[in-house]
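Across the two complexes that follow, chain A remains constant while its partner is chain B and subsequently chain C.
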Partner chain A sequence: MLDDLPSTLICLVDCNPCGGWGEEDALALLEHLLVFFNAFLLLHSANQLQLLAVHPREVSCVWPEDGAPPALAPHQLRQLFLKRFRTLLATPPPSASAASALSGGLSLALCRLARQQRADATRQLRVLVVQATADSAAQHLAGMNCVFGAQKLGVTIDALVAARNDSLLLQQAAHLTDGFYLRLGEQEKLALSQYLLTCCLPDQQTRKLLCPPAQGSLETKALCTISKRPVDIGHACSVCLAVFAEDQLPLRECPVCGSRFIQQAAQAPKKRPKKAAAAAAPAVTS
Partner chain B sequence: MAASLLEYLRGLSPIALSRLYSDPHTCQAVLRALPPLSRQYLLRLVGAHGRLAAEIVGAWPLPTAAAALEHKAALEQLVALRLVELDPVGREYALHAGLCEQIGSSICLARGAQAAEARLAADEARPSVVQLERHAQRTWEDVLQCVLTPPRRLLPLAGCGGKSTLQQLLLSLRLLEATGAEGAEGAEGVEGAAARWASTRAARRFVLLPIQEQVWRLMLEYMELTDTVQPGARDATLSFLMRLGSHAVGSDCSVHSLTELQRQVLSDLLLFGIAYQREESSPRFYATPLAHALLSGSAGLATSRRSEGFLILETNFKLYAHTSSPLWAQVIRSFARVEYVLPNLVVSSISREAIRDAVESGIEWDMIVQFLERNAHPLMAANVPVLPETVVNQVSLWAQESSRMQLADAQFYDKFESIELFDDVVQYAKDDGVYLWHKRDQQHVGHSALIVAAHGHQRMKAFLKSKK
Partner chain C sequence: MADEEEDEAPPAEYVWEGAFERTWDAVRIGEDGALHGGHALERLGRARRRVHAGVKRGVLRTLFLIVDCSRSARAQEGEMRPSRLAVLQDAAGRFVSRFLEQNPICALSLVAMRDGKAFTLAEPSCNARQHLAELRRLQASGCSGDASLQNALELARDALEAIPTYMSREVLLLSCSLSTCDPGDIHATIAALAKAKVRVSIFSLLAEVFICKRITQQTSGTFGVATTPAHLWELLLGLVAPQPMEEGAMAPSRSLVKVGFPARQRDGAPSLCFLAGKGTQTALLPGGYSCPQCCATQEEIPTQCPVCNLKLVSSAELTKTYHHLFPVAAFDEVLFPLDGDARRPAAERSVCYGCCDALSLAARDGVSVQVGSRCPSCKALFCVSCDDLIHEVLHTCPGCNCPHEPSLE
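The block that comes next holds the complex of A and B.
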């Protein structure tokens, strides 16, 4: 028999006004999420939900608010969420191309989860990321570090991506932490609450017993630290494991950690070449 | 007796269950009491508007033996509670329509049940969860005190329309027994009432049980009792309990939204410590952690541990209880020898006599061990194992001492006239299969003795007579 353990879920919702969706889309998606949140809170009396809104300017906590009562009826939650999201969507970003502070949001979520784990080690910890904009290459390294942190903490990351293209970071995040990744097409957007109830609602221990949903092909390419392009074959720094594309060589020192590379011959770079075939990349980066 | 809410519900009739499932709070409480996998299945079915083909449901678990086992158990639980029905052909699972609607509306934000609840003004003096837990603990200790030393004054229960009392409830739980007549002829009134009750052997066992189990047993009996006095009170009590359990601990509920019957039940729950009300006239009441413990499944009962343990057991069999409550001193006295009682400390030692007395009075030794473990002081609870192994082993040995021996009747013969006669008789007893023991003394034949099983006495007597 399974133990009846409470869970904590932190949901990160991308509120970038320049996102791939309009306000209407975003609010429709929020309705689906609310169904999921209510079901999550219904599951266990000690289940906890936190909602973080990710905006290019800031990561703000929507729920629980400071000073608000600890429990609210579902329709009150809904009003609160809608109000906060409308204001955030109306806040202009610093520049039109600014990306949401996803890695910042992830690290805030992990900090909060780590604190919960210290207080109660049996609690099951999860993160649900809803991303509306394309990946930001500048945040890739920080994001991957968060993912490894999550993996170590035992936090499962589920990801929903509403952008047109797949997210490299979130695919790898879901893969490494045994979570699920879904890119929302038109059809998926309509039946999103169904998907959430079926796939994202089970906690870690029930997931071990249930068939996982079908996952698309996994993109596990590493990103070149300098050019921010995905690379098939690259070189890795032996100290910090940053990855460099072939055409960036030779390098005198690692641009990430500053380790000096010994230049032996003029032509042969010191770093060991890395085979970054689909399966090998996470092994190298981890 | 049903050990948990789910078991109790399994025993109810389909009509009674249908009535229960039409209440949103009950649906929520039932959902939370289910095992984790059943909960997921239930919500998946709700997501599919209540109907799914059996093939789809069958494809849910991973193809491993453990998953298949859990899957089967989860579905069985749902079917036994009549939450889910498999159609006669076995093609489709259908969720109970009323429950599907209630759960569906509570997750899909229909402004039904929750919005209708009367709103209260902001609560300035909200009690904290810790305060509520302390209150529940204290109140429940008072109830236990009533079990051990029945009070002189009768405590009427409002849920029974004042026709029944707490003493009667405990009596039907067989925790109290009526002792003799209505008191002596001249000693009517207060003194007379006191003489009417005494705690039973079962009561001593009862106080050692986990608190959740105690509350659950009491509530089961309470529901039966109220139902005999006021038909329909059982359903009202049950749905009220569910409603309490569905509120977060520490959030307030309005008294005005209750029916008359529920208000009566509330005043009894206040007495048991399941609910808390600041003053009798206060418009709001709170659910205590006991209400939640009551509704959690059996898994919840097993893992729960009292947050404030007070017992320290040392390897030298000394037991220190950091408590000022006379109840716990009394409970400890039932299995240990109390050496001295200080204002906030009871020092006692576990001895062979004390354990033997406890076993004789109907307490099992593992109940004692579990009680000690459950109430372990945080300092001791950090140890692995929690209790010193030597003490636990010794307690079990002492407890089993009385059951290691079996008594059987036997017959003793001595003062034989000659050693030859003695040898013959011993041989006969051995051939007859009734021989147990003998002592042969050639010098003093009179000191030789033989013991045989009692049922062989008649034949032995005949044999001895024939030898004379």
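The block that comes next holds the complex of A and C.
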């Protein structure tokens, strides 16, 4: 029988005013989240909760604040959370299409979780991401690096997406770290507490025994670097691994890293004399 | 075989040659009453050396790992305990996991040298589980006979010659014998290896052997003699990251590689899957990935389709190697002396941006200092542990990804 191990949960909440939710919608979602947070804190006396708010202008720590008492009554947590959330929703983003700094928040959360792991290696670590806006292409690489980092550290990433389309990054994150991914439709928004309590609350050991709701099919296709269309079979540059679709060929050099490709037809006659010259040199010295 | 004298042996290679170390002098009591060792500075120095930005690297690699299981591997020696084989096994196991983690699109094969012959333990694949199981089995199969460098290198060369030229061809040989028992002229093998652009690196646990050094020189590999297990690991770490692609005879060619991105089959009825790392063996398994070209089902990706020879990878695997191409810049070391009042930073400055922990303390020139690292582009301050974490695990700087508040600038 395994001991009941304490967990640390860092929740990243996307507070982008241009998100896929209006203010009323958002406040209803927060109520569901608060139910979940309180349930999480009740599970184990040593469970720890941290809240990070992500906005296009800043990533800020909502809880624990500097100088605040270490334990907080549920109603105080709600007040603190709502106050910060309302302020951030009222802060206009630099531009209407600006994405929240999700990759920054995720890497910050992993730094904090790694510190907890250094102090206590048995502690279970997890991240819950609540995303309201669509993925940003500029942050994809940094985000994926964070996901691989989380995989290495043993951090589970759960994701709730309130945007209209699925988030490619968070789907991969949940898949690679054995987490739970849910896109919030109208029905899911009403029953969010139920989803959170049954799917996100159990720890890693308990989750192995549970059967989660079916996860949507995972996109494994890569995007063509030039046409940005998903491809099944592509051609990758052997230096920088940029993928090109069949119809973009032939290419003389890689548009990303500038490497000149050896043309397949010209390859054989050009290389033979070179190889012979290279082989002759060591033969003389030996 | 002749042993060549090492010209410039670094001082204090062995523990017993070094000066008496007073490690307890470096320990300082921090403000919080905790004890801080003097290791913070050393670790920082080592992490910094490895960052080279803007280098084209050969990220598609094929590596043959050859392990010496001759009778001298059984012997116990001063620094290599409990036996040389155990040290080799441990180092090789750690190397395999680290290598496959850092180079997801690669092929790694295991070869053992025993009784004057070379045996393939694992076919080229990127499945760490299988390689580690084979390595664990080494101890049971025992060490006997002589090592044959030529047989092992010929075996590797035969396999590597069939590999497309855009993949780097590498051999890593972990040797612990002073002699080799060869059926023919090893110089001919060396010439053939150089011709096939195979880079051979040899790390010896015993001593520098002339022929081993010769092989590595002719094939532009690295040669090293490990003095302690820790030293062996340090040598191996140098080969984990892909090597920079210099213009030269040994560089892999640059071309477009045809790759397929297979879709995961729905978890429903089991289907006939090709097993990972087992060639054309099949079994009925649920799930699996189907090749987009010939629809054959594979147990795991990345792999090469056994039916149509298409390279199958997931797009996430491609992203995983990008950190070699776009590494996080090395952080600048910042020291805050605790005693000098004038230069003492404000209290909030000496907290790590990432983990909010206070910076660690270390002793330098007899003065207690706080050690931190500063990201050159976003000027955020990190502690030594977060610096390691960012460069080795995350590969992305939290400060650069978080928008800056105007008050901070």
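Please note the rule applied: the second predicted complex is superposed on the first by the 220 of 286 C-alpha atoms of A that agree within 3 Å, B and C clash if a C-alpha of one lies under 4 Å from a C-alpha of the other, contacts with A are read in each partner's own complex, and residues count from 1 in each chain.
Here, contacts are C-beta pairs under 8 Å (C-beta built on N, C-alpha and C of every residue); 3 or more make two chains touch, one makes a residue touch a chain.
Bear in mind the structure is a predicted one, so any value in this text is a computation, not a measurement.
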Touching partner for A:4 - first (chain B), second (chain C), both, neither: first
Of chain C and chain B, partner touching more chain A residues: C
Touching partner for A:128 - first (chain B), second (chain C), both, neither: neither
Partner chain(s) touched by A:260 [first = chain B, second = chain C, both, neither]: second
Touched partner set for A:104, first chain B, second chain C, both or neither: second
Chain B versus chain C as contact partner of A:198, first or second or both or neither: first
First, second, both or neither for A:57, with chain B first and chain C second: second
Partner chain(s) touched by A:115 [first = chain B, second = chain C, both, neither]: second
On chain A, the residue positions that both chain B and chain C contact, one per complex: none
Complex interface listing, chain B residues touching chain A: 28, 31-32, 35-37, 39-40, 43-44, 46-48, 59-62, 64, 66-67, 70-71, 73, 103, 106-109, 111, 114-115, 117, 245-248, 250-251, 292, 296-297, 299-300, 303
Touching residues on chain A, where the partner in the complex is chain B: 1-5, 31, 34-35, 38-39, 42-45, 69-71, 73-75, 78, 193-194, 197-198, 201-203, 205-206, 208-211
Complex contact set, residues of chain C against chain A: 56-60, 101, 105, 166-167, 187-188, 190-192, 194-195, 197, 218, 245, 249, 252-264, 266, 289, 292-293, 310, 314-316, 318-323, 325-326, 352, 354-357, 385-386, 389-390, 393-398, 400-403, 405
Residue ranges of chain A touching chain C (in the complex, touch as defined): 56-59, 101, 103-105, 107-108, 110-112, 114-115, 118, 139-142, 144-146, 148-149, 152-153, 172, 176, 217-223, 231-241, 243-244, 249, 251, 254, 257, 259-262, 264, 267, 274-275, 278-279, 281-283, 285-286
